[in-house]
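Both complexes shown next keep chain A, but they swap its partner, so chain B is in the first and chain C is in the second.
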Partner chain A sequence: MSKASFVIRRVLQLGVTFWAVGTVLFLLFRLMPGDPTSFVVSSQMTPEARQQIIDSFGLNDPLHVQYIAFLQNALTLDFGQSFHSNEPVRSVIWTYLPNTLVLMLTAFVIAYILGITLGVFTGWYRGTNFEKTTVVTALTARSVPTFYVGLIVLWIFGAGLGVIPMSGTGTSGMEGSWWSRIFTTTFLHHLVAPAAVLAFYYMGYPLLIMRSSMMEVLSQDFIDVCRAKGLSERTIMFKHAARNAMLPILTAAAIALGYAVGGSVLIETVFGWPGIGREMVRAVLRRDFPVAQGTFMVLAATIIILNFVADLLYGYLDPRVTYD
Partner chain B sequence: MPRERITGRREFLNKAAATSGIVGLTAAAGCLGDDGDDPGDDDDDGGADVDADDELGEQLPEYTFLNNAQSYNPPRHDAVNLIADQFEELGLDMDVEVLEWGTLFNRVDVEYDYDFSLWHTFFTVDPVLELNSTMHSSNTGEGDGNFSGYENPEADDLMDQYLAEPDDETRIELVHDLQRILMDDLPQMPAVDMPYLAVYNNEKVDNWESDLAMGFNSYWTMINLEMLDGEDTLTGYWPEALDTMNPLGHNDENKHSYNFELIYDSVIRVDNEGEFDTDVSLATDFERVDETTMEYTIRDHTFHDGEDLTVEDVAFSYNYIVENEVPLYSVQANFIEEAEVVDDETVRIHMPEDNPLGPFNLLVGTQIPILPEHHWADRDTPSEASVDEPVGSGPLQFDYWDQGAELGLARFDDHFAPVDFEERVWRIIPEASTVWEGLREGDITYETFGRIDRQLDENQDLDQITVLTEPATSFWHCTPNGRIDGLDDPEVRKAAFNAIPRTPITEQILFGVADPGFNVVTEAFGPLHTEDVTTYEEGVDVGIERLRDAGYVYDEDGMVHFPPE
Partner chain C sequence: MATQDESSIFADLDDAGVDEGEESVNRWERSLRLWRETLGEQWRMLTDDLMVKLAMVTISFFMAVAILAPFIAPHQPLDRQYEGDAGIIIADWVDPMFIDSESAYVLGTTAEGFDIFSQLIYGSRAALLVGLLAAVFTAGIGTLVGLTAGYYGGKIDDTLMRIVDFLYGMPLLPTVIILVALLGPSLWNIIFAIIVLQWRSTARVIRSQALSLRERPFVKAAQVAGASDWHIISRHLAPNVLPLSFLYGAFAIAWAILAEAGVSFIGLGDPNRVSWGTMLQSSRAYAALDFGVWWWFVPPGICIGLVVISGFLIGRGYEEITNPELR
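This part shows the complex of A and B:
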């Protein structure tokens, strides 16, 4: 199979995957017990008013009618209006997603730079105390819940030492657009703690993969050849071993990044970070179907697309990979 | 052990001996071989008073107590588990089902698919308006509000009379009678009286006065606060983001009401004694012209955008809400026929001839926000309108809304009842420990949400923290489903109320901040409340005795059976 055929086939699969995810989401939320209007109505509303709200949500239409409308709207990336705020879901996503992306990407970049670097060293210095300490740290980072680490960090550095803000993305009444604010020192100051906690958690994954990959590469003959050629240890480590060991990291990173976007709920809660994860959970709990569907679709799309990118990247980076 | 039951058992044994019936003796042996686990087994003669099988009615069915998740509301979750344990002690076969809040609410309030439920109910400005929804026989249809299934024509009549009665004194008598009936029939058990809570940093702000409907988050509270030490920002918080800035499009949750109450004026306001106070109201005078007409004299005032607030705006607001069938004000709309401009400063609100409302000022006048006609006239579906920057005439005006992060309201200097602070900021902070750190340091001025938890208990004695409580109009109700066998009997409900450990709940789970409940109309309602109602002693033993007096019988496992046929 040619590369072009492979890409076309994967694109078609993408379409099917999106349809399947959308359908599951649609059904899932409608199968959930509980009346979405119970969160929208006031206890003092009359039954007629409650009915009026149900009608306005379109929840009285037959399921297949709702489904067709959902698919039609989804094709144009229109997920409807929030039951609670009456804002278009696109607008809700646009409000919260950028905050999550900034936090996630910052943490991700830090985690992968540190994780890969430490992974290279632990693979290289196998059997030393350094390796043992680093591996234990990495396993600990992956094992301890992020919210717990977050609370400890807040307690020590926020409440105790007062060097980090306790909550939010900025100080009261910060002016300017979102773009102008994220480059202020205030925003960066608020970003440090949640990003560090997340980076600590994410770091373990690339570190352990890189270490394994390094050990595999270091056992190959070409490393001996490099040594025989008289290359320096540093050159062998970074230029030859690390580069060859990088492939699993790149593909794993693409997938992990997708999950990271949706996996920030606890950190967003602990640090009062107004992100999409928190909003997604709130939408589910309050039966705000449009927002829940929209946010889940965004997260699913991130994972699906990054998987697709990983597939393509793999073939591009490793000429040995065929498309059969 | 109730003496009459001992006698009853002896009578039974005598009867069994006389007849020498094998079955009877076997049953008696089982009875005498009591393992001590039975309810009321607290003296030498104790043990469940077990009669022959043919003297036991059917066992009461298993009851499911719906509980919210621990993470949603920890104290309530713990309280439900405790109550269910006590109901087991009472001899009821209990199961606790933990549900996510939306599902729980739907099961109870819409589907009536439950046996016992418990949550925090908020009566706003008048108790009967709420009771009419939850207790009136006409509302027992699915989703209509009367989830307990309570039906009593006498109570219906009292509520109907009350809502149509313009005379205060007569209304007080009516609502007192209603309370007596409700506490006799006990369709709803007031388990805990929840207080209004003011928790604040006393180095920053002082003079907290609560009002009846909104406690320490009210209009009255805000216009009376005194900032200290040059502080000019009142900083509060809420654990979750606000949904909307549309005063007609929210769901009446406190997080919205507490803000719109300050952004928009209503024609009349109440003070902390529950009296109408024209000094702080848009109306400088009001009069009930006849049974179906209220007249208000409106003061010279402006909206936040500088436009004059006129009587036309007042009339527009009332007519607009009625004509557009705004769901949020659907109850109030039932009592509004039309608003009419009389002259430059007078507006009349006409009620329907067949549905006049006695406490119109309280239930409608204090509730309807006065909207600027020039902003709203062109909106066809006001409850669905997207409002980014609300324009009202209240003491606080919209400054900024960083959705999901913060809301800023600035002082409206031209208001007739100005606040003492320059800005009120609400930050969105989900984590309680962060809030408390802010309170201790003064970064947060007051605990807006009113969380009662361990951190409150641990911090309330700090020098810079002051905690005030006032009786509130809200309480935790434990409501049995009166449609279910056994729970349709007031004696079972009363025994269950006896068994609810109200004092341990308030002292242990709620850290002594709340009080045990004893009436569905709390003392916060002042003269509307009466203490002349049937009260119920706490204790499982009291409940057991009550059930036995009512003819219910215990088997050897300590489970309650219906009286024999």
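This part shows the complex of A and C:
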């Protein structure tokens, strides 16, 4: 199969996956127990007013009518209005998604720079105590739940020492555009703790992949040739070995970034970070299902698209990959 | 596969497809022996590693605690130890023994008046239940689906793998949160929701193994000898992918416990059962952080970390068996 037809087939698959996720989501939310109207209408309302709201949200239509409307709206990225605040879901997403992206990308960049560097060293100094300690630390970092590390950090540095804020981004009352606000010291100050906790957690994955990839590369002949040429150890380590060992990291990073955005739920909840994951949790807890649905779709879409990118990236970066 | 016992696998071939009376007893004995040998060898290789041994000791310790919980724990985990003025919520706690020597509670009580030490003991039950059930089902379903897809190929393979692809598009924690919110917050629903997603990775890996195994001579020979598909899958393919299933099972323990802790922490935990996640959730709800009541929220996290890292270490030990290059 040629590359072009692989890409076309993969794009079609992407569409089918989106449809399937949307459909499952639609069914799940419609089957959720608990009267959704009881969260939008107060008990003081007259039955007429209540009925009007039910009608305006289409909650009494037959399931297939709701489903067709849902699909039509989903194509235009319209997920309806929040039951809670009456705001369109799209604008809820636009409010929260950028915060999530800033937090995740910051943590991710730090984690991958540190993780890859440490991975190169652990792969190189295989069998030493340094390697063992680093690997066990990386495993520990991945074993302790991020939200727990977050709690401990908040306890020590927030409640105890008072050097980090306990919650939020600190920019809610500020003037100016979102862009101008994220470069304020207040925002960055709020960003430090959650980003550091996340980076510590994410670091383990590139570290371990880079380590085993390095081991594989180091056993190949060209490394011996480099040694025979009399190159310094440092040159071999970074210029020759590490560059060749990078391939698995890049695709793994694309996939991991998708899951990172999907996994933003806990860290955002702990740090009160107004991101899309925390918003999804809050929407689920108050049964605001348009918002829960829309935010979930965004999280799922991130994963699906980045998996797709990883697939394409793999073929692009490694010419040995065949499409079949 | 590093661990396959060539002679016994081929020995089993001789009578593949023979279905008559007295020989069938013999056949069962043979498969039993085959399985026992495979498992025994893996166990020996696994317990060679010091870290893996430590991990196993840790898991065994928590298992013992979970089983003996009623004898170790001084109180019921959800029994109020005293009533406050309002009768419902006691916004104050008893200090632990190492702060107040008069105290009757090892780790003090929560703001709701529950004994923290007893909660910690009983919390191990929830964690291990989630971990072990999720591991068994993840590895079991994943292996079965993977072998079926890989062995039959064609349409069956396509269908099963599209389902797996779809599951790969779902973010783990958000999906579990939504499923639990839908099904109601109970430990069983949390376990179910975790299993629904987790078998995807096992299935994918086992399938690719099965794809290459089915081209191997011993499978071809079994087919020619007239062995049924089920016979080939269960007797010839399964023992060869077993190390991988175990590997994914061990990792599943860890991921499942982390997921349960996360879901409980968010507030969707089982209200009638104590888990380490729900302990963290209530400590946060009562602002234990701000009061510096660390003996409430530090121990459950350490317990989660210990069990999870043990799962990862056993998994990694297994990975080194299945892939000797890592050693």
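By definition in this document, the second predicted complex is superposed on the first by the 312 of 324 C-alpha atoms of A that agree within 3 Å, B and C clash if a C-alpha of one lies under 4 Å from a C-alpha of the other, contacts with A are read in each partner's own complex, and residues count from 1 in each chain.
By our rule, contacts are C-beta pairs under 8 Å (C-beta built on N, C-alpha and C of every residue); 3 or more make two chains touch, one makes a residue touch a chain.
Computed from a predicted model, the values in this text were never measured in an experiment.
Shared-chain residue A:Phe222: touches no atom of chain B or chain C. Looking at the shared chain after the overlay, A:Leu154 reaches both chain B and chain C. Look at A:Tyr259: by the touch rule set out above, it reaches chain C but stays clear of chain B. Within the superposed three-chain model, A:Leu285 lies in touch with chain B and with chain C [touch as defined at top]. Legend: residue contacts after superposition of the two complexes on their common chain; A:Tyr96 is shown touching chain B, with no touch to chain C. By the document's definition of touching, of the two partners only chain B reaches A:Glu87; chain C does not. Of the two partner chains placed around the shared chain by superposition, neither chain B nor chain C is touched by A:Tyr316.
When both complexes are aligned on chain A by C-alpha atoms, chain A residues 32-33, 151, 154-155, 158-159, 166, 269-270, 285, 287 touch chain B in the first and chain C in the second.
Against chain C, in their complex, chain A makes its touches with residues 13, 16-17, 20-21, 25, 28-29, 31-33, 136, 139-140, 142-145, 147-148, 151-152, 154-155, 158-160, 166, 212, 215-216, 259, 261-263, 265-266, 269-270, 277, 280-281, 284-285, 287, 292, 296, 299-300, 303-304, 307. Those residues of chain B lying in contact with chain A across their complex are 99-103, 105-107, 109-110, 121-122, 124, 129-130, 133, 139, 141, 143-145, 233, 235, 240-241, 243-244, 246, 249, 251-252, 325, 327-328, 330-331, 334, 383-386, 399-400, 402-406, 408, 423, 425, 427-431, 433-434, 437-438, 443.
The touching residues of chain A, when paired with chain B in their complex, are 32-36, 38-50, 52-53, 56, 81-82, 84-87, 95-96, 99, 151, 154-155, 158-159, 166-170, 172-175, 269-272, 274, 278-279, 282, 285-287.
Of all residues in chain C, those touching chain A in their complex are 51, 162, 165-166, 168-175, 177-179, 181-182, 184, 254, 258, 261-262, 265-268, 280, 284, 289-290, 292, 294, 297-298, 301, 304-305, 308-309, 312-313, 316, 325-326.
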